[in-house]
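Look for chain A in each of the two complexes below; its partner is chain B in the first and chain C in the second.
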Partner chain A sequence: MSALGGGAAGGEGINPVASVIALVIVLASVGIVFILYPAALIPLIGVIIGGVLISFGVHFVPVGGAPAAMGQAPGIATGVAMLAAGGGLAGLFGGAWAAGHGLWIALGAGAMGGGVLMAITCLMVNVVYVFEMGIPAASGKVDKDPITGDTYPAYRSQGTEGHGLPFISYVGGVLGGILAGTGGTLIYLQLLAVYQGAFASWVGITPEGVATLAVSLAGIFAVGMFLVAAVLTAYNITGTIEGPHDPKFKRWPRAVIGSSAACAACGLVAILLVVI
Partner chain B sequence: MENLLFGIGISALAGALATVAGAAEDTESDIGSQGDPNSQVQLAPQMGYIHRIYNKAISGEPPAYGLWVALAAGIAWALMAIQYNAILALIVGSSVAVFVQGVYATTAYLGRTASLAKFEQPVYIDVLKSVTTVTMAHAFVAVFTTVTMCFLMIEALGHPFPLPLMGIVWGIALGAAGSATGNPFYGKERQYQNYPFGAGLPISASGDIVRYAEAGQRSSLDNGWFTSKGAGPASGICFGLIVFFELWRTVLFEPLVAGWGGVIAGAVLIIVFMVIDRFVETWARKTYGPYTKETEEEATT
Partner chain C sequence: MAPKIEASAGGMEHGKMLAIGLIGALICIYLVYLNTLMSTQVFAFFGGLAAVIALWWGTDSIKKLCSYGLGTGVPSAGMIALGSGVVAMLFATKLAVISPLLVPIGCVVVAAILGAILGFISDKVLNMNIPVMTRMIAELTVVGSLTMLGFTAMVAGTFSFGSLILGSISVMGLAIPSYAASVIGGCVIATIFMLGAIAIQHPFNACLGPNESWDRTQMCALECGFLSMITVAIMSIVFLSFIAVVISFVVSIILWGWSYSELIKLSKRDAFAWLDVKPIREVGGEQ
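Entry: the complex of A and B
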């Protein structure tokens, strides 16, 4: 149920037929890569895991959309996919910068990049609500904050579903940024490894040429796949979500299954680019 | 040591550029009603409230700025590849991107407003002429500063991404930070200025936006004047802090603890911001108090 009275679209359950189709797409993509270019099998699995992390992470991000911009619903006043993309791409920026330090440090840098962006953005959202608009934070979905124990019913202004960012939503936003940043960085690093390996064997290409081409291609594919996973998840959420305490959060398995299939197919295309 | 100081200096400069970018971006989007409050500007004539507010929302701010900044970065990058002066290339790239923004703004205003014809909302040509150029000017400031910041990150700090890709990444982040921070202030505080301060807008009031100014009808330029006092600086601080801390923690701490220093610094920053947020939240609860009397039952559930 959105603040503007629209019905909640989509059920909570998992569609078995669609899930089997998604599984077949994942297995087919993995199988094709295994036959055509076995060296890229592990990177493809990494790409799929990255997509799953992004999709799961987006569910944590408290997004209020248009109702939040009028103080009618809690959350951040922008779109689900877009906010997650902002956080995840800042993570990708940090992760790509730290790529020279190895996989784990780069993933950590990506996670913190997304987390820091969300931590600052969520803080500034509350600063604007509190100091510029004089509105305290109140959740619309729960009466008591699961972390701090603050009560909310008396702090919701009349005729609204709550407003601002309660602490549980803040924590959700940071967790979402961390997961999305890790996922985006993982996709980038896996594709970078594939491209660097493949381009190095090309005749007449300089090491600088390999580096530039590999970074550009891996970066643009990572951004693209990030948006695929985030937008798919946004459709699953349908509108607004408050964070991990929102009943809509329980829908995450569906988006994770869908994103794994989409990222497997996109990863297959990204890898076939250097095989064919 | 010299490298470190240079890196911190560049981080500070990039942070300053990002602050200007964030403030200009939010003011531009508020003048053009590009953020989420566009829904109210679009809804108002359908509820019988004819207005002269500009509405150029053709997409959310993040993809729009992703496009414009990437376009500016791409053109600048191509010009630099044929040995153009870097500063000139950045200016030419930003100028071209701003013309694209102008085309989008014009078509979006005409298209969105024309679709309201059956609710008797006119298309005001004078609004189109006076407001489009103002949004373009703000967009130039936002795009130019962001592209320059991206250029600094690559040339001075050695980030591996090419300029156009960097443009997409930071353009989307700019739009995300600006729309997240600035939208509530424009949406609630300005569009619904006649409703009580310090409370959310009742859902039943949707569409009843303020349409009149001290003299005559309210113009979107007045909205830019108003939001540049609150939402604009807040968005600027938000994006500036993001860029500065993102660079600062990497430049200063990455060489420590075998490369993990930057990650640890990021975690510490997150905790610090979380504590500040909790302080802001409790301060608001204590200072403003509840809207209705808290019952014992509510407090215990």
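Entry: the complex of A and C
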């Protein structure tokens, strides 16, 4: 599925030195914000938690890529970045709509937005696979579904890594949408709080002006950071993953460390916008 | 480490493209500042040219990065470029409170730092182990931020934060300041984000393959850039004077028409050359 047919990179294991450096980046970002603009300390931590939720959530989403489109691998037939953007941004918009109703309701709305989008996507993917391509759902990585106990080997075609969207992958997709949607909404809400607080002190600005600018800036920053966290996770997965039962799922600690550092750096820049 | 597959032989050296892209884009963005100096808006189209020059360079960076197996497809590199680029670019526009001339150079510096962090994370923390990864992600972040800054300057005629957040609406002939009618307040920036993202993702994704050739991919990049520029010119109707919009629109249309006809010529040339099925050219690597 790589660009020119080259084998995907991505070795196993954690690089301890690099991980420590990544954690230092997180701490440095938190430290700089604490010194320059203490009011944004909790929001920055919220942004980092949001990035962690996104990168952990994306690991659940069954990504099939090009092989899935040809019915040769299980999962949804597109790339990680596109799928995460679809599910997570649907959640972000759902949560942003409910931002006025308080943190927990907005986070719930974001989770439901992402979860519902992934549930519909997974359902329609299976409709296409089963009724239009005529292939049954069979996992390539496990012989028995961890939830339903269905067996797969008898349904798996020769020469393929499985096909269709098994039940465990469906559950993974919905869980991934819920987590990524919550993460995206959390980033948006935290940045919104920072900007609303900072812009309100500007001379000659109207309350409508504060609301408009804060929503626009928090929205575009949240979309940017969401894509950064999702693409870094995609690089961690290197291509396809079947869901929480896939051996690649065990790589999640790396992506969580990486995305928290990336979101800390991006969040720091986004917060410094109101400092200068 | 993934085996390296040479995308296309020949073409301009990457370092030279970097220099042309970076310096050309910066000069074009600074030319937009003539608007402020001469109290006019007709120089807005230089912003679009800056974005296209940056995209031309960024396409080669994507090609260098994606000639190693990323496993996630080409568009993901474009998404991370624009996702981090927009963060750096919006921060840089705020530097205008110190001096407007700091904005373009500040944009490059902030984007390079942010990109280097992201490149380090993907290369070392995520164990991708691709030799060019840190440099190329840093370059792509700079490209993404310059593209955003260029298109923003083209749509608004300026690149300082104060002007980007405050527009004006006309009520019975009176101009009333309005935050909602501005580039950032009206979230025109989100449309620019996607226009830039499509223009950087598409060229190499469309042209890659065994008979990929350097000049065709780069022409496709120019064509995508000018196509986005036409849309940006149409969006600038809201913010700029009539004459400035006409200049932007005519420049974009002429350049797009030229690049499109050149792209079709190059595509026909390569299609004609592709009479026999040949294996993928592989240079070096461990396979």
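The working rule: the second predicted complex is superposed on the first by the 268 of 276 C-alpha atoms of A that agree within 3 Å, B and C clash if a C-alpha of one lies under 4 Å from a C-alpha of the other, contacts with A are read in each partner's own complex, and residues count from 1 in each chain.
In this text, a contact is a pair of C-beta atoms (placed from the backbone, for glycine too) under 8 Å apart; a residue touches a chain by one contact, two chains touch by 3 or more.
Computed from a predicted model, the values in this text were never measured in an experiment.
**Student:** Which chain makes contact with more of the residues of chain A, chain B or else chain C?
**Tutor:** The partner making contact with more of chain A's residues is B.
**Student:** Output check: A:Gly219 vs chain B and chain C. Expected answer is one of first, second, both, neither. What do you get?
**Tutor:** Touch status of A:Gly219: both partners.
**Student:** Pick one for A:Gln158: touches chain B only (first), chain C only (second), both, or neither.
**Tutor:** first
**Student:** Answer with first, second, both or neither: which of chain B and chain C does A:Asn15 touch in the superposed model?
**Tutor:** In the superposed model, A:Asn15 contacts chain C only, not chain B.
**Student:** Kindly classify A:Ala265 by the partners it touches after superposition: chain B alone (first), chain C alone (second), both, or neither?
**Tutor:** Once the two structures are laid over each other on A, A:Ala265 reaches chain C alone.
**Student:** Let me test your reading of the model: by the given contact rule, A:Gly209 touches which partner, first (chain B), second (chain C), both or neither?
**Tutor:** A:Gly209 sits against chain C, while chain B stays out of touch.
**Student:** Just checking: does A:Gln72 make contact with chain B only, chain C only, both, or neither of them? Give me first, second, both or neither.
**Tutor:** The answer is first: A:Gln72 touches chain B but not chain C.
**Student:** Using the superposition on chain A described above, determine whether A:Leu232 touches chain B (first), chain C (second), both, or neither.
**Tutor:** A:Leu232 sits against chain C, while chain B stays out of touch.
**Student:** Can you list the residues of chain A that touch chain B in one structure and chain C in the other?
**Tutor:** 3-5, 65, 79, 82, 85, 212, 216, 219-220, 223
**Student:** Going by the contact rule at the top, pick out the chain A residues touching chain B in the complex.
**Tutor:** 3-5, 65-72, 76-79, 82-83, 85-87, 89-90, 92-94, 96-99, 101-102, 105, 108-109, 111-113, 115-117, 119-137, 143-144, 148, 150-151, 153-167, 170-171, 174, 211-212, 215-216, 219-220, 223
**Student:** Could you please specify the touching residues of chain B with respect to chain A in the complex?
**Tutor:** Interface residues on chain B, with respect to chain A: 35-37, 39-40, 60-63, 159-162, 165-166, 168-170, 172-173, 175-177, 179-189, 191-192, 197-206, 230-231, 234-235, 237-238, 241-242, 245-246, 249-250, 254, 259-260, 262-263, 265-267, 269-270, 273-274, 276-278, 280-281, 283-285, 288, 290-295, 298-299, 301.
**Student:** Give every residue of chain C touching chain A within the complex, in rising order.
**Tutor:** Interface residues on chain C, with respect to chain A: 1-5, 7, 66-77, 79-80, 82-88, 90-91, 94-95, 97-98, 110, 114, 117-118, 120-122, 124-130, 165, 179-180, 184-187, 189-190, 193, 204, 208-209, 280, 285, 287.
**Student:** For the complex, give me every residue of chain A touching chain C.
**Tutor:** Within the complex, chain A contacts chain C at residues 1-15, 17-19, 21-22, 25, 65, 79-82, 85, 205-206, 208-209, 212-213, 216-217, 219-221, 223-228, 230-232, 234-239, 254-255, 257-258, 261-262, 265-266, 269-270, 272-273, 276.
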